[in-house]
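Have a look at these structures, which come just after this line.
The two complexes that follow have chain A in common; it is paired with chain B in the first and with chain C in the second.
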Partner chain A sequence: MTPTTLPPLNLAVLLAGLALAALPHVLHLPLWASATAAILFLWRLAISWKGLPLPSKFVTVTATIAAIAGDILTYRTIFGRDAGVTLLVLLLALKLMELRSQREIYVVTFLSYFLALTNFFYSQTIPTAVLMLFTVYVVTAGLIGFNAPTCRPVENLRTAGALFLQAGPVMLLLFFLFPRVDGPFWGMPQDAFAGVTGLSDTMSPGSISRLSQSDAIAFRVKFDDKPPPRPRLYWRGPVFWEFDGVTWRPGGLPLLQRGVKFESLDAPVDYEITLEPHNRRWMFALDLPGRLPPRTRISIDYVLLSVRPIRTRMRYQLRSYPSYRATAGADPEDIRLALSYPRGFNPRAQRLAREWRRTLGNDEAILLQAIDFLRTGRYGYTLQPPLLGANSVDEFLFDTKEGFCEHFSSGFVFLMRAAGVPARIVTGYQGGEMNPVDGYMVVRQADAHAWAEVWLGNRGWVRVDPTAVAIPLRVNAGIAAAAPQSAPLLMRTRLNWLRTLRDNWDALGNKWNQWVLGYNPDRQREMMSWFGVRSPSWQSLAMALFWSVGSVIGIVALWLFARYRTADPTQRVWLAFCRKLGRAGVVRSKSEGPLAFGARAAARLPERADAVHAIAGLYVELRYGKDADKGSVARLRSLVRAFHP
Partner chain B sequence: MHHGTVPFIAKYNADVHLQPNKRKFMSSSIIQPVIREASTVILGKERQIRLALACLLARGHLLIEDLPGVGKTTLAQALARLLGLNFHRIQFTSDMLPADIIGVSVYDRDTGEFKFHPGPVFAQLILADEVNRATPKTQSALLEAMEEHQVTMEGETRRLPEPFFVIATQNPSHQVGTFPLPESQLDRFMMRIEIGYPDHDAERALLQGTERRDIISALRPHLEPAELAELQASVRTVHAAPPLIDYVQALVEHTRRSPDYVTGLSPRAALSLLHCARAWALLEGRDKVVPEDVQAVLPGIAGHRLRPVHDGVRSSAIDTAEDLMRSVPIP
Partner chain C sequence: MNWDRILRHSQIYNLLVRPHQPETGTIFLAQRRVYILPTRQGFTFALALVLMLIGSINYSLSLGYVLTFMLAGMGIVSILHTFRNLAHLYVSAGRVEPVFAGDTVRFELHLENRRDVPRHSVLLACAGSTTNCEVPPNRVETVTIPVKAARRGWLQLPRVTMETRFPMGLFRAWAYVRPDVRAIIYPKPDDALLPMPRLSHGTGDAMNAGTGTDDFSGLRAYQSGDSPRHIAWKAVARGEVLLTKVFAGRAAMEMWFDWNDLPPRLGTEARLSRLARWVLLAHANGLRFGVKLPGVEVPLGSSDDHRKACLQALALHDADNAAAA
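Let's turn to the complex of A and B:
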């Protein structure tokens, strides 16, 4: 095969850009694919530096078939996010093996741009954006290098930087002014949400304590007024009815409605939630939401549900009524479900509950007795609870006495049901932390919580938090205070500087989310209204885009023109003279001196020879002579003006 | 002569008339007969004669690199006679020692003292013939004398006569038994020129004409030593305007930036370029330097100092300079 003739240094720059685009993918590519790509990469570098031959067509074709086969074996498909990106990385690395001509350079360059883009399938944070901007910069420098083979890479990097600076304003204008369309046109591939953390649709011992290890943000809240005190911040998520002794499940399909009838007892709270995508349909709200946001429903157990799974960051306004009475609408079938429990397990708890029912008789008294039982039981709060056997409730309540919120709520609801009081489990988040930098409240996965609701005929469903009863610190001060050793590092409160740093970083991330990632038609309207444009149509946005981009390009062009415009008036007149002669067919080469050019022009146009000599002589006098005066410039100008070849 | 490769350097002399009201530079009228008469000895080589004179006026030394028999010695002799300089010719050989050039101190039995016998370097115009046949040690003795305009022998420094001008000749270096001057030594020569074969008409005139030696011996000096010194001094007064200096800088910077050359031109080369261009302008009878003057001397200044990277077939100095000239626009 022919040895490569591409300049090794330029190729190295291009490969560096490609490596930057591919490197973040190593985190999620299968090991064999990363290793193959790395080997091909190094091989190409060796080919270029040592002047080795490129591999034969047979080798590349075989390797391509193997790559596709490997992709299919790993993912069972070549479509979707992971399989697609893996295939792209592999084929791009293989394409390097037939990098011979300028045309293939272009293919690789533009695929590198695309590969840089695919990183946003995995992460849309500021660091990713910065890294990808840098990647595009390096790839661009490589592209320039192949188009200007005589320039050194340093100069190419400078050119790429200048291009970037010039493109920056245009990019921003396009971003902010391009008419936005609502809808799933550029949604994420289906498999992009395989690993997101969040509440799940079942609850068993350990499921929430596992979540508590994560400081990932679940959602952010902006309160219109002062936020309610922490012990009232119960963000409702999925509700569970069915218990098989180990796992709690929802009570069948959610029954949806457009709103809940209830009686408000106190002032409402207004707030806006920015929910991180979690690929489930439930949305979080304080109890009980009044009017629902568009395209949402509420289930009969008061869970706010989106019509579609939430796959992009979502913003919605709510008004909640924290004190309420909702006595209507309890179906007897639901009450029956809220009383069921597996009979064969947890005999001790069943005995205790039946004892309460026998001695106390009334639901409210039983509830108070249970609360008292938990408060005085000396229970411990831990993220690493001991493993429990088949009678998990018994073991927790009477033996180990250590657990997390799912143990408390599960044990409590079991006791209630065994005593004949309808009860259910509610999961969600409790608390949240105010970021003093931007005034947003941040709720993290570590704030995940489980509590209980009991049905008291005259008061409807009443929230009881068994964890708060046993461990008041959990609700009053938050998870980090209640279990300081096991909270995620960034949530520990003792490291003040770390906390400030985190608050600032969070606030920046929030701004980014709100204004860059969450820049939707609403935001666009909001932004345009700052400039005094109310409800712009897409036509007026397009016009604004056209004129603003046009004027930016115009300003840059004027600036460049001014920089290259010759300052010396003599030189300007001379260049005008050269242009006149150029139109007459006597073109001055850029390296031709005035006297030589004059002599040549005079020879070509013998009848104008005197004028040409006069102009050339005067120009030389003015530009290269010792004492030129202003009047001579005017004379030169009039000579040139009068000159017609 | 490379007629095809110098399209706009030599041609304009005859065509361009300066403004009649401008005073012609006095010095040019003195030097014109020298050029004219030298051209009768070395036929069809006016350009080379002018370059050699420009180099002399700019107080630089000249290296002529060409095949034997094209008139290197004749040119040197003719210049020496026409300028009224005393002239020594040193034929370099491989067994030559520095003392053979500089001179020796010999013990004088009558006076009981060492008496210095000056070597052939003590002359105003030296023709160092076939300088690349001498050993590096001997070469450097000459080059030091060129640089310092003085020689030091046994602790005593002796000035060389003024003006002091060396024309060294060198055969193309791929001949057997030569020590080609290294690049650092080449830089000591302000200019290197090639003479080249005469064209058809010039050769015919040469064959039909009188014996060269007779013509040279008939030549009469046209300049007094003082006049030559004055000419050399007036080179400095030739005006180089800022745009012209921009041009010199652009040329030099291009050689340093461009990947086409192994090394760029040194600041000394830049100074030589400007100074030679001044001398060339003076020979043209101008009181200011124009870009054409720079272009005229550029092959002589840059040819031996620049080595193109892709130098498969050793390109001639004029080709190298033409490439350089073409790639740098005149500001």
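Let's turn to the complex of A and C:
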């Protein structure tokens, strides 16, 4: 095969950009794919540096088939996020091996841009954004190199920089004014949310303690007024009714009602939640949410549900009533569900509960007895609870006495049901931390919690937090105080400087989320309203876009072309000379060269002939001669200044 | 009617008519004569951006929008850069040396950049050849444009397309220039075996010279046995056939190459070719010679200028018909 004729240095710049685009993918690509791509990169560099031959068509075709086969073997498909990205990286690396002509450079360049974009499937953080914009810059510099074969890479980087800076304002305008549409047009890749953390739709021992290791942010809250005290911050998530001895499940009560049915007993709290995507339908709200945000429903157990799974960061306004009497979900069949429990497990707990029912009789007395039982039971709070067998409730309540909130709530609800008091489990988050930098309250995955609700007839569903009863610190001071050794590092309260750092970083991240990542049709409407546009149609947005981008381009054009007017000094002096002669009646015609014009002027002004010849000669020498220096320009200037026709 | 004036000032006129007329003096590439359109790569780029935008919308990738719009911005701004890379250049014609028909004329164009930014990768395409050139800021760059000279006579520099795709190759800006510069194309000297030209009537006693060793009288094809000392090495060096100098016994220093001495059956071009060959040989050997053409006579001489004058006379003989032939 013929050796490549592409300039190695330019190719190196392009490959550097490509490598930057591919680099973050190494984190999730299978090892064999990363290694193959790296080897092909280095091989291509060696080919262009040493002038080696490119591999034959047979080799590249075989390798391509092998790459596709490897992809299918790894992922069982070539579609989907991970499989697609792996294939893209491999095919791009293979494309390099048959890169010969200028035209194919464009294929590689455009695919590199695309590869840079795919990084955002995995991470949309500020560092990723900066890295990918830098990648685009380097790739563009590589592309420019192929269009200016004689330029040094430094010059190309400078040209790319100019393009980049001038494109910046256009990008901003397009970003904020381009009419936004809610996706998706078609399905998301099935594995798009594989790594998303959050509450699950079942609860078994360990499912919430696993979340507690993560300081990932679940949602942020902006209160209109003072936030309620920490012990009242119960963010309601999925509610569980069915228990099989190990796992709690929702009760199959998808009865959605349009209005909200409860009595409020106190002043409401207004706030706005920015929810991170978790690929489930439930949305979190303080107990209990009143008015519903648009496109949401509320279930019979007061769980706020989105119409579609939440796959993008979402903002919604809420009003909650911290004091309430909740009476929905108390039909006879609901109550029957709230009393059912598997009879075959946990005989000791069943015996204890029946004992309470026999001695106390009244539901409220039983509840108080259970609370007392937990408070005085010397229970321990741990993220690493001991493994439990088939009778998990018995073992926790009477033997190990160490557990996490799911153990406490599960045990408590089991006791209640066995004693004949209707009860259910509520999961969600408890607490939250005020960020003093921007005034947003941050709720993290580690704040995940499970508590209980008990039906007390005329008092409705009453919240009881068995964990708080046993370990008051959990609710009063947060998980970091309750389990100091096992909380995520950044949530430990003692490291103050680390906290400050984290608060600032979080506030920056929040701004980023609110204005960059969370910029959606709602935000766009909000921003347009600042400029006095109430409800912008896409037409008005398009017009605004057109005129603003037009003006920016105009300004850039003025700036680019204005520098043309500052002609070089030699030219300026010569033009001054021509003007002087023009005033004396010797007008230079457009097609007249300097020497011809000089000769004509000298003939017309015989007494100035020497000066004219000197000036014209010097000008020609400066302009066309090989070794013009600064001194000659000064001499020409003084000659012209002294010249008076 | 004013139509003519209106037409003359319209873009259509410029587009259709002006490029066909050579322009004298320095040509300024004003904005209105620089055209710009996307290249095929430009359209592909736009398509890629649309795909990236659809992907960003579908997967709600805010940063996808950022990246896509950044690239779109760069694409848009690159229009200005491409345009600026060509517009406001000054183009003027430089020297051009005469050549023989069948050879390549090398027209010189001066590109002057009066701006403080360099012009990268300006391509000059003319008559099937392209030349790449860079013009540094505030400098004049001289570009040579090779044009194949088909036939003798004047050769006007054909229309030159100046184009650039710098920086991103997504757009192509171009302009047509046609500086008024002509080259003289001499008739192609023929390479047939040379019959001796008849010697001038004006030098009577040199007639019918026998072969001797004293004075050069002409050339003939080399025959085996000829003395190496008599080989016309200058002619050999020019790549012509091996010739032997023929020396007359008596001086034959002055020669007239007369159109009418050549048989009319040769045709005009063949006669001119033959005459051109004679002129070259005579000049190479330092003879005094003159050329007689119908209506034109170049008097005796032997200098380089004389050679040029003779060849030019041959080139321009009945040049209009030559161009038509």
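In this section, the second predicted complex is superposed on the first by the 555 of 645 C-alpha atoms of A that agree within 3 Å, B and C clash if a C-alpha of one lies under 4 Å from a C-alpha of the other, contacts with A are read in each partner's own complex, and residues count from 1 in each chain.
Rule of thumb we're sticking to: contacts are C-beta pairs under 8 Å (C-beta built on N, C-alpha and C of every residue); 3 or more make two chains touch, one makes a residue touch a chain.
Quick caveat: nothing in here was measured; it's all calculated off a predicted structure.
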item	value
Chain B versus chain C as contact partner of A:Arg600, first or second or both or neither	first
First, second, both or neither for A:Ser591, with chain B first and chain C second	both
Which of chain B and chain C A:Arg152 touches, first, second, both or neither	first
Which of chain B and chain C A:Val533 touches, first, second, both or neither	neither
Which of chain B and chain C A:Val437 touches, first, second, both or neither	neither
Which superposed partner A:Val556 touches (first chain B, second chain C, both, neither)	second
Partner chain in contact with A:Arg623 - chain B first, chain C second, else both or neither	both
First, second, both or neither for A:Thr312, with chain B first and chain C second	second
More chain A residues in contact - chain B or chain C	C
First, second, both or neither for A:Phe114, with chain B first and chain C second	second
Residues of chain A contacting chain B in one complex and chain C in the other	150, 568, 571, 589-593, 623-624
Chain A contact footprint on chain C (complex, rising order)	24-26, 41, 44-45, 48, 51-52, 54-74, 76-78, 80-81, 84, 88, 92, 110, 114-117, 120-121, 132, 134, 137-138, 140, 165-169
Complex contacts: residues of chain B adjacent to chain A	8-9, 11-12, 15-19, 22, 239, 241, 243-244, 258-260, 287-292, 295, 325-330
Parts of chain A lying in touch with chain C, wherever the complex brings them together	103, 106, 110, 113-114, 116-117, 120-121, 124, 128-129, 132-133, 136, 140, 143-144, 146-151, 159-160, 162-164, 166-171, 174-175, 178, 181-186, 188, 192, 311-312, 516-520, 549, 553, 556-557, 560-561, 563-564, 566-568, 570-571, 589-593, 623-624
Chain A - residues contacting chain B, complex	150, 152, 568, 571, 589-600, 602-603, 613, 616-618, 620-621, 623-626
